[in-house]
Amino acid sequence: MSRTLTYREALREGLDEELARDPNVVIMGEEVAQYNGAYKVTEGLWKKWGDKRIVDTPISEAGFIGMGIGASMLGVRPVMELMFWSFHSVAFDQLVNNAACVRYMSGGLINCPIVMRGPANGGTNVGATHSHIPEGLFAAFPGLKVCAPATPADAKGLIKAAIRDNDPVYFMENTRLYGMTGEVPDPTDGDFVIPLGVADLKREGKDVSIIGHGRSIIHALEAAETLKEKHGIDADVLDLRSIRPLDVEAILKSVMKTNRVVLVDESKGFGGVSAMVSHLIQDKAFDYLDAPIKRVTTMDAPAIYSQHIEDEQLPNPRRIVEKVLTLG
Amino acid sequence: MSRTLTYREALREGLDEELARDPNVVIMGEEVAQYNGAYKVTEGLWKKWGDKRIVDTPISEAGFIGMGIGASMLGVRPVMELMFWSFHSVAFDQLVNNAACVRYMSGGLINCPIVMRGPANGGTNVGATHSHIPEGLFAAFPGLKVCAPATPADAKGLIKAAIRDNDPVYFMENTRLYGMTGEVPDPTDGDFVIPLGVADLKREGKDVSIIGHGRSIIHALEAAETLKEKHGIDADVLDLRSIRPLDVEAILKSVMKTNRVVLVDESKGFGGVSAMVSHLIQDKAFDYLDAPIKRVTTMDAPAIYSQHIEDEQLPNPRRIVEKVLTLG
Amino acid sequence: MPSTAPEPYFRSAIMSSATADTPRLDFAGSPINKALSADQKIELFRNMVRIRRFEQTALKYYNGGKIGGFLHLYIGQESVAVGTLSLCGEHDHNITAYRCHGHALMSGMEMNPLMAELFGKATGCSKGKGGSMHFFAPDKNYWGGHGIVAGQTPLGLGLGYGLKYLGKEGCALCYLGDGAVNQGAFHESLNIAALFEIPVVYIIENNGYSMGTSQKRSSAYRGCLAQRAEAYDMDWDVIDGSDLYEVRAKAHIAMERARKEFKPSILEITTYRYYGHSVADANAKKYRSPEEIENYKTHFDPIRLWRKRLVEEGVATDEQLDAIDKEALADAVASVKFAEESPAPTIESIMDDVYWETDNGTPASKLGQHFFTD
Amino acid sequence: MPSTAPEPYFRSAIMSSATADTPRLDFAGSPINKALSADQKIELFRNMVRIRRFEQTALKYYNGGKIGGFLHLYIGQESVAVGTLSLCGEHDHNITAYRCHGHALMSGMEMNPLMAELFGKATGCSKGKGGSMHFFAPDKNYWGGHGIVAGQTPLGLGLGYGLKYLGKEGCALCYLGDGAVNQGAFHESLNIAALFEIPVVYIIENNGYSMGTSQKRSSAYRGCLAQRAEAYDMDWDVIDGSDLYEVRAKAHIAMERARKEFKPSILEITTYRYYGHSVADANAKKYRSPEEIENYKTHFDPIRLWRKRLVEEGVATDEQLDAIDKEALADAVASVKFAEESPAPTIESIMDDVYWETDNGTPASKLGQHFFTD
């Protein structure tokens, strides 16, 4: 059985179930408790779980995230909300040094079972500083894991896996997806966990592989319909879901089938997840490529505010369709 | 005429000349003045230029770098030393938001003519937190420019260009290069400036393109000699010098000539400058490639301390030679 | 200052205990206020109502879907920007956070480009690239408008440093919220300000809340937030933001010390916001009681109090002030028309304003690839 | 504490004015010191000389090229780690910066794995992955060894938070230097510590310098650095680090308040380092006069003073203490042998210890590619 939930509700259900499963799971962040979360992901959890388990923090990301990391070394399992992932910039040292390196520097004596989560996206007209897309940024640090669900079911399944993982997992949500609905298995049918490191073929095709993660997948699916209807092109849409670990096998499988690739990435053009995936594909499936790997990325400027054109700066179905058509 | 200078001396000469040229140039950072610089790049400058122009700061990277950015908006031209580029982690917000985005968010009303410089490398047995390689990280932010000289002459020429540039330039040096010597044109022969955005073919070959920047180039040149002597392979060694702006033309020219590419990058494998260059090459020179683009990157773990093997974690001539030989 | 500063008699965090009858000190007689002409006093009124009318108008169109993203209203806090910025001369600079409309207007920006910016239009002060949080006017010594909490505090330090470096006798005013005081960058800035003797005045606009979190839930402190200055051996004061005379009298002292003696300081100005954190804050009346909001509006509204004062002093009549108010509203309405009729930015314009060198087509901009859009 | 704390009578930053004759308070009579048995007092001596002998030996081999990277010596500061950590029970935890050898040894780590770590060997406490700045022993409640200045201060907060969360009655000791106090992360931690009532004691090891910068050139403060605690309404004290009794007496009070009342505090312990910032610091005698260094060594050396005390108290004879010293040196020398004979890490081992899941070969570790070496 399954129900229709929003992405937000699915996430919340996942958090709630993990709070129930393990008394060491604690949720922390700005406005997560009494205010019910800036984006209402944690709505109702404070009322249900109380002050100990759901903790409002001051606006001190380096301080409270570092606190969570320190507590995780002792066995607490904090789930830290960044109100926006963009605010990573003021906690960067804690995120890339303390969480990512302490296991290594201690020769494996310490581990940090911590989750950092929050929305990581542009497209909400809040300007450059609030619209960073940091999946590729963090995936570049060995010691960290990164995932980015595109659907309600993935959001629930992956947040549960992230919380159970014994390494730091950086979980990238999307404010533009919070209200989106989808089928999510019923809890009475058993624990619903989606492991990290497994991509999901969201649409099966044969002519081209459209590969991405997060909201790009929603765009890709829409683009795929257009491609099919208007151009007779039948696309595979592969949702990476997890950026690190990365399901390279699934990527190669799709590419070896279609021989043509368009990567969709909300990052700016220099780098991002897609540059990495591009390199991997040409390295491992060189002989299968009938055309250069193309990407659809965010136009390479800081995020613009204007509500009239921000969606044009970002990848969108139109831009994906156009890019696929350039493959000839 | 030219003299033999160390990389450190060349940098210092460049700084000194710019201090003389423009009274608004000011050097700031931890221990840059009275201590003469942790790595002695600024040695003697405080004595020569005094308290106003050479400024010691507290250990407050977010504070003093933000201060430099604010002052640059008013027309001061600060050259900020990060004792290690690794310490970017505590100043990240200032580096990627305030410096990179304020021009954009103000619709072009404000500019930040500032240089951030310091060593950005592994290989000195100082462990994971002190050995980050952030060229790719920062190049991913539109609004920033990034360069990384490999030789004394490039160090001098590029630091002068960086200081004169009206955009923020992040200048990546290397402690393993500071003591290296090379020819640098004599100041009496005129102002020696190397513009950003121009790669330098450090060795001319025909069989394979080895492309990188910074210390990787020194390794690449050594590898190229071995390849020539032992394997009869004649390599182009292209020094990017500037990561953003990036001399894509020079890259393509080399690749179209050799049809084989090995990228060398001290970054970890996920991302880095090399993933981007790889993507660009396969995109723009797809039909010229006789083999997949290969990379030599730092082994994908946090930087190890042990002096016995850290150089094995990093790209080195042996690893480059081996990689080139895999191209068959 | 600390030793002679009067004890704060009203603080927004403990506002419920203050009433209209709480006795107030009178700062009208301080030199900087005595020096005000009638016209200047009226001008202060005009500036406050212009902010309020501009924002009320913006609110209407935000609710009508014409404005994107966030809209952090300054309504209720007008006396802070107006009082402090009224003291600025040609060498004084200012910078603030995302709640920046008041500072922008008081710095001398026109309503048209501001409203157009909110509407995301090419005629906006930031060409539609900044939005509500990012108004700038360097030509008016106004440096924004910054979205990352306390991220502007080192920049403000840099403005002060720059003034000193360039030999200009002025000071930098750097505003932040009561929640922003707990960001590390602010503390780093304070230490450097005191150590380097930077002419910067940090102004905490204490409206009692950071989003839904009251001051008591976000900060540990002795006495008040400004008192943290003592940690850096720095001066501080607390100011009742509902009284324009007090704001000016005390800020003037701090600014003069910055300009003449290179002494930085922290001023904490108690104030209140009438609306939610941003307009989208649906909880605004959950974490604050309606009574608390009403009490402030009724007894401490800075515009109402200033109006009363002007009338009592015989500086202006209610009719004159009404006319000014009307004019302000008319300007705001006109700015909407301007905004509505302005073109949206073009897609190509997304790529402008990233680099000075490319914008200016310099030789440097011709070398190498600057942009990497796929 | 602030109101009753005796005025600091000796501070390293103003050390030149203190001499051996400067009158000292006697903390021998405080309960926690009175409770010490003779053996325990001798043990404190042993712990201090073990640190010194270990480091002197390491220094020799660093100069001989056997140790890579940095080597930040603790010599001169031994009483701080020994005095404070001697107060720790099974639920007390500690964490420090890169100058971490003393804390590691005093937490109960053996010399062999520490020396092997310096030598970059696989038998090192961190398998050769951490080096001098990164000693760890979670089994001994010792959480390192951290290289980013003040980066450990939020972690220390987290240890205290974790203890409280897990219902353990203990406290966290978090050490930092006098230069580290100006990092934002420390201030954020202080506010949270006070606000959330976290059982953490921040210990500023004030050796007067951050690299070549004296306290006066890096920090603005009133009275002393610890006094910054007042900004957060937090307790603080200043301690003469050359007196082990004083360190223990005052730290005990702070730790008890943390454990029993969840009151965090800042202790500033004045001390001195005899060598450069790290061994590679060639300027060590440029920014500090040789007289200053000699004065400290002669009059304030904590080991010499403690030895004198033990002899005066009749707790031990010089001969007994010499024997302990010799033993410490012998251990250090033996640890070099151990380190020399140990194997270097293998190249393959570079890829271990990145992820718990891959190290433990869990099902999760089999899914997806975790590593991206080309």
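Per-chain numbering from 1; labels A, B, C and D assigned in written order.
One rule holds for everything that comes next: a residue touches a chain if its C-beta (ideal position, glycine included) is under 8 Å from a C-beta of that chain, and two chains touch if they have at least 3 such contacts.
Quick caveat, the model's predicted, so the values are computed rather than measured.
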>> Please identify the chain with the largest separation between its CA centroid and the CA centroid of chain A.
In response: D
>> Counting C-beta pairs in contact, which chain pair has more, A-D or A-C?
In response: A-D
>> Distance between chain A and chain D based on Cα centroids, please, to the nearest Å.
In response: 40
>> Centroid from C-alpha atoms only, then distance chain C to chain D, rounded to Å. What do you get?
In response: 45
> Any idea how many Å lie between the Cα centroids of chain A and chain C?
Replying inline: 36
>> I'd like to verify one number: the distance from the centre of chain A to the centre of chain B, where each centre is the average of its C-alpha atoms, in whole angstrom.
In response: 31
> Which chain D residues touch at least two other chains?
Replying inline: 124, 126, 128-130, 134, 146, 148, 151, 182-185, 187-188, 191, 195, 217-219, 353-354, 371-372, 374
>> If I count partner chains per residue in chain B, which residues reach a count of at least 2?
In response: 58, 60, 62-63, 89-90, 93, 97, 104-105, 127-129, 142-143, 244, 268, 270, 274, 276, 283, 294-295, 300-302, 304-305
> Where on chain D does chain A make contact in their complex?
Replying inline: 93, 95, 124-130, 134, 136-139, 143-146, 148, 151, 153-159, 161-163, 165-166, 184-185, 187-189, 191-192, 195, 352-357, 359-360, 362-364, 367-372, 374
> For the complex, which residues does chain D have touching chain B?
Replying inline: 67-70, 117, 120-121, 124, 126, 128-131, 133-134, 146-151, 179-180, 182-185, 210-213, 217-219, 283, 286-287, 344-347, 350-351, 353-354, 371-374
> Along chain A, where are the residues that touch chain C in the complex?
Replying inline: 30-31, 34-36, 38, 56, 58-60, 62-63, 86-87, 89-90, 124-130, 268-270, 274, 294-302, 304-310, 312-313, 323
>> Quick check on the complex: what are the chain C residues that touch chain D?
In response: 182-188, 190-191, 194-195, 217-222, 227-228, 230-234
> Which residues of chain B touch chain C in their complex?
Replying inline: 24, 26, 52, 57-58, 60, 62-76, 93-94, 97-98, 102-111, 113, 142-143, 145, 161, 165-167, 195-198, 242, 244-248, 276, 283
